[in-house]
Amino acid sequence: MKIVMAIIKPFKLDEVREALTAIGIQGLTVTEVKGYGRQKGHTEIYRGAEYAVSFLPKLKIEIAVGADLVEKTVEAITAAAKTGQIGDGKIFVYSIDQAVRIRTGETDTDAL
Amino acid sequence: MKIVMAIIKPFKLDEVREALTAIGIQGLTVTEVKGYGRQKGHTEIYRGAEYAVSFLPKLKIEIAVGADLVEKTVEAITAAAKTGQIGDGKIFVYSIDQAVRIRTGETDTDAL
Amino acid sequence: MKIVMAIIKPFKLDEVREALTAIGIQGLTVTEVKGYGRQKGHTEIYRGAEYAVSFLPKLKIEIAVGADLVEKTVEAITAAAKTGQIGDGKIFVYSIDQAVRIRTGETDTDAL
Amino acid sequence: MFTLNRHMRAAVGSLSLLGAFAGAAIAQDAAPAAPAFDTGDTAWMLTSSALVLMMTIPGLALFYGGMVRKKNVLSTVMQSFAICCLMSILWMVAGYSLAFTDGGSLNAYLGGMSKAFLSGVDMNSATATIPEYLFIMFQMTFAIITPALIAGAFAERMKFSAMLLFMAIWLIVVYVPVAHWVWGGGFLGSDGVLDFAGGTVVHINAGVAGLVAALIIGKREGYGQVNMAPHNLVLSVIGASLLWVGWFGFNAGSAVASNALASVAMLNTQVAAAAAALAWMFAEWIVAKKPSILGIISGAVAGLVAVTPAAGFVNPTGALIIGIISGVICYIAAVKIKHALGYDDSLDAFGVHGVGGIVGAILTGVFADPAINEASAGASVGTQIYGVIFTIIYAAIATAIILYIVKALVGLRPTKQEEIEGLDINLHGETVQ
Amino acid sequence: MFTLNRHMRAAVGSLSLLGAFAGAAIAQDAAPAAPAFDTGDTAWMLTSSALVLMMTIPGLALFYGGMVRKKNVLSTVMQSFAICCLMSILWMVAGYSLAFTDGGSLNAYLGGMSKAFLSGVDMNSATATIPEYLFIMFQMTFAIITPALIAGAFAERMKFSAMLLFMAIWLIVVYVPVAHWVWGGGFLGSDGVLDFAGGTVVHINAGVAGLVAALIIGKREGYGQVNMAPHNLVLSVIGASLLWVGWFGFNAGSAVASNALASVAMLNTQVAAAAAALAWMFAEWIVAKKPSILGIISGAVAGLVAVTPAAGFVNPTGALIIGIISGVICYIAAVKIKHALGYDDSLDAFGVHGVGGIVGAILTGVFADPAINEASAGASVGTQIYGVIFTIIYAAIATAIILYIVKALVGLRPTKQEEIEGLDINLHGETVQ
Amino acid sequence: MFTLNRHMRAAVGSLSLLGAFAGAAIAQDAAPAAPAFDTGDTAWMLTSSALVLMMTIPGLALFYGGMVRKKNVLSTVMQSFAICCLMSILWMVAGYSLAFTDGGSLNAYLGGMSKAFLSGVDMNSATATIPEYLFIMFQMTFAIITPALIAGAFAERMKFSAMLLFMAIWLIVVYVPVAHWVWGGGFLGSDGVLDFAGGTVVHINAGVAGLVAALIIGKREGYGQVNMAPHNLVLSVIGASLLWVGWFGFNAGSAVASNALASVAMLNTQVAAAAAALAWMFAEWIVAKKPSILGIISGAVAGLVAVTPAAGFVNPTGALIIGIISGVICYIAAVKIKHALGYDDSLDAFGVHGVGGIVGAILTGVFADPAINEASAGASVGTQIYGVIFTIIYAAIATAIILYIVKALVGLRPTKQEEIEGLDINLHGETVQ
């Protein structure tokens, strides 16, 4: 089993979620985060005080999936979250040893 | 070493923390998240505007533990976080290569 | 590739970010979290109601880096985030299978 | 003196003209003979003006701001604030004159431009027992809140530029004539329509405009799928509370004097608001199993709206009944009927202000009590309905035309992406953290 | 005229009766001869009524709402709002009559029902120099805030339905009689107890009821273990500020006139609030090493409470001393004594309102100055203490009985899980995001 | 009576002295012959006092609190609240006496101590037609807001203890003398400087003190690198709105009567605020491509500041032009000039209050209209500039000296780590969740 973790632009959440449910994913967890990356350097002025906005609001999505679904999941996210403009975000994939559904005690892919 | 990551219902936090300290766990990190899962489909109406509430507030708990403690940790969380109703959450376990305590530079299980 | 995940004191963010950019890191993601650890036991009184503050505000930083950069990254964070006082936080490192830049579809270290 | 009322505001229009002339004459003849302003009446009207301004900023701004999603809260409060500024200037430049001066041969329909830029008003000009400058100020606060109310109907989805342009035209083309018809010497007042503090002029007018705007502008992106629950009802509670407190200036201030009529109008306002709030709350408690804070504050506003035309014509028992009826009917309108018909009046400008205004206008005809106000003797449900229908038709048609013009000129909505990302960051470059 | 004061409110009760009769008589004889209401006095009392309403909504709602945990903020502000609505109706239906009319043979203890539903009050009815409708309105705002204060004691843990039921019974069984005893012609007023604006009737009454409620309802889940720090003191600062501003209506409005007595009452209110805020702040700074915002605003409210019975009887130097003493004593009561005794009066309804009210009532006897008010000449510390003790005993016993009845009828607390998850989502189905 | 104005406040100072003596005399001769206070004037001044207090708490507290970072919001609102408390006591103890009594041979520069602790003021003391107790109260609210305004300049980086000490000294050394010069019988008033409601005394004074403080205290840690965007402009909108509403008490209350002068002052206030808000908004829209909420509310405050000295001297068209000019100039000052010069006046105490006050003081000389106020006949731009320059020089030098003394005594800034972590947790032990 794997966890696919994606950092995306906030307003893309609904499209990403729809793309994922379309490929059969039934659960995910979302966190509000701040991202620092290439999409930086933009300066703002408030009442004459200039500063560089370096942290931008992003959403982190975590999806536990069976290893077989990883590729489709990554593709679905890439397609749905892409605007083509800088700051679209990243996807990282890593392995998990175990998954448990608290309610039932089910494990592994049954738990997802 | 492993990280045990659990998604739980928010009001279960104190019980889970107590269960974990009872088995000797001394640290953990909590994040407010929104969960999408089977516990969905419930619709609300505000002033006549109906919509499906798909994201529900959850807490993510991350606990770094030595490999030997993983099983007990998972059991403790499962027991404390369970209500038996849909949406109780998940536990995921994955391996970490390294752990460092910033204050002292200690590493591995000494760092926890 | 690895993800370096650090829990630090909030006011250290700017110093850590500067230390990381100094060693060539170009992106990272920050989450507001609450930490429970040894830095606990401190009690507060509001209007006569005493209670133990067990969760303290912390920041979680996640940085995806090539395996070669891990050591320098951990050192940079340790140096910048350290105050020497209890509660400075932890660093955890784990492996990722894959990284994708959503905008371009680039993968692996090209994606970072 | 305490029989002075809005029904006789037609007279007040002329009165103020007369006052100005008289004042000028006195000033020429014997400068020191200032007009006999009543300091107590003046004190209450100064206070009332402050109270009614407070209804819009921060009252309505917060009431609406708390009900939208967090990404749109600043753009929502900005609407109320900007409308407050723009309407103030327009009222001074032309609005007051067109509403409250004699329009000559067209007087049944519109006033004239003799007091544009307040020319001809001076320190001796009087309206009833107060300085005309103060009456202008008081009426200005009504001209501010009425357009601001409309904005609730299209919250979260209109371009700021289009909103400003729409509101400017709407004030002159809709608000000003209707105010003239009822209070400024126009035909509705002469025909005996009773509207103590603005049920027709303010609430039906704004509510209908809101409904038309909601229909023409269309639904919010994601309506029915995305969670659009109020992001912070604490703000809305502050807003509703300040609306309630400010409404004392609105209703009791409409006596244009500090007397028993103002007193009973204040008490009626309190009783109707409280009764409607409880009525909505219990109705929701029964139907939806939980009494919501959004419900109770919406009910309070519904009661305040409904008692507005009636405040100086009915007794407290009448106000109690008006409150209960309006609370239940507005609950049904805002929650059930809107849902059934499927239009997206985001914050229920129509469901609360339109429906509440109609209920109140009609019930004013039912409960008007001559022991409270001599003018109540002439009350007639038929006349009230006639006033309501006329206003609905005019407001609906004129609003639609204005919106299509604005759409042609600058477009009504931001892009879909801007709307989904939020109006705060896209239209104003700011967010709430 | 400026010697009119609360001490003579007993007289006012009869006065208003007389006024009504007289008015009726005049009306019969010669309809146009309206009573000689003073427009200035009326203007100030209209304003005062608005100010006192603002104390409860949004003032107290925010003061309390900011101090609870985020999961309970909506349920907390909802309590103030719903109490405001329910008490308004009850006051109109029966409360005013029972408090301020003649109770016949029982008059020492309770008024009668002759003005139930405000029957018999008309446009000519006068209380002193203002319309009786206005006096009813002004007193209504007092009947609103008193129960609302109690809710601070059991914040975060009472069922909404039980709260409503308790408050309705409490108004009629506790507030109304005590108001009658002091202001409505009852025995405490006749015995010479001085209470300018409600130290006894409002604050001791509510504070003691709060303490009893905190004890009977029990501690919050997790009290002493879980972090219960105020979630957003900005809200509490807004609340405390609006309480302060609104208190001018409460205290200066209790002159029931626009005169020197109202003026000195306002100044005394300001001085005492400021002095108590600083006293609490410095006491805390010394003891706990940091001056907290919760401390300074609590101190301000303590000073406002303590000066309430005194505002129209003492001079500004007296107010200064009352402020300093009450700030220090309430700090000790709310922070040290409560902690030592271990009861959970969540937001210190007793520690601030109860204790502050007692301190103020007694010090009124000490600092009353006949140069400010002739009635001060009769001041006696003994009489003040007698009034305090009597009110404490009655409020405590009656509140306990009512709570046990409500408990038997509907139960007092939500389930443990509901309480831990938060009252907002469980009782009202809403949350702040 | 409606020609009474601030220009003649010199006279009012003496008047109040006279009133006191006269009152005393009357009281001796025939106790019941109370002075002829006007109940309407008194009602409006009671209301005005409440309104001006509301400007500082919660108005200014929120206006400022919303503009800082979240970690400093409580410390920011705490400043306004604590200043309110401390200045109230200082005003009663010595400030009022030093500002508004006769200073004997030094009277051109400072009043005397004859009314320290308000000794000699009694229930018969009058200022114009109102009780002197009320005039003391009204003026107290001005002595509260002026220091509170300064705090915006050094927001997010001053020690609370240092701030309190600085403000206490500043009130006595700067505010009190300048108030005496203009309104209390001092030389600026005698020289013909027109300042209706405090453009010079309040706004230039506070703005210049703020600039000097910003320079001496230095920039915030991370200025220019770290995001210092306002954390919650909803709070600032509430604040700006309550400032606006409260400003009616400030400006219309400065007529010290309920008359046509108060009425036109209120209308002028409204028109100037609205015009300046739109002017700033459109200027920013053109230059920075987006109309911001921070911009429109800053513009409104700029207009309110600029019309303050003019409110009772100009006609509404004059107010309109003053509004437009001040909105554009303050936009340039706060956004462009500050940026060019690089000082860190965090919340633009100087850019808005200082610059707005200067613009307003000078334009008062340009637009003063004798048809509004006879005193306008003596208006002179030269005299206005003379008053402005004198105030700037005095405020700048005195403020600098006070700050260096406070620095030597307790230090001005918290540690760097405390500042970066936030003042809320470090100075007050509290945070907003």
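We just call them A, B, C, D, E and F in the order they show up, numbering each chain from 1.
Criterion: contacts are C-beta pairs under 8 Å (C-beta built on N, C-alpha and C of every residue); 3 or more make two chains touch, one makes a residue touch a chain.
By chain, with names taken from UniProt: A, B, C = Nitrogen regulatory protein P-II; D, E, F = Ammonium transporter.
Everything numeric here is computed off the predicted structure, so don't read it as measured data.
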Shared chain contacts [subunit A and subunit E, defined touch]: B, C, D, F
C-F compared against C-E, more contacting pairs: C-E
Interface residue identity across copies subunit E, subunit F - same or different by half: different
CA centroid of subunit B to CA centroid of subunit D, Å: 51
Euclidean distance of C-alpha centroids - subunit D vs subunit F, Å: 33
Distance from subunit E to subunit B - Cα centre to Cα centre, in angstrom: 46
Subunit F, residues touching no fewer than two other chains: 38-41, 43-44, 47, 225-226, 229-230, 238, 258, 288, 294, 429
Residues of subunit C engaged with two or more neighbouring chains: 31, 44, 54-55, 94-95
Chain-chain contacts as defined at top: A-B, A-C, A-D, A-F, B-C, B-D, B-E, C-E, C-F, D-E, D-F, E-F
Subunit D-touching residues of subunit F, taken from the complex the two chains share: 1-2, 38-41, 43-44, 47, 51, 70, 229-234, 237-238, 240-242, 244-245, 248-249, 252, 257-264, 266-267, 270-271, 273-275, 277-278, 281, 288, 290-294, 296-297, 300, 315-317, 320, 371-372
Residue ranges of subunit F touching subunit C (in the complex, touch as defined): 222, 225-226, 417, 420-422, 429
Touching residues on subunit A, where the partner in the complex is subunit F: 44-55
For the subunit F and subunit E complex, residues of the former touching the latter: 34, 37-44, 46-47, 49-50, 53-54, 57-58, 61-62, 65, 73-74, 77-78, 81-82, 84-86, 88-89, 92, 117-118, 122-124, 130-131, 133-134, 136-137, 140, 160, 235, 238, 258, 427-430, 432-433
Residue numbers on subunit A that touch subunit C, as the complex places them: 2, 6-8, 31-38, 54-55, 58, 60, 70, 74, 77-78, 81-95
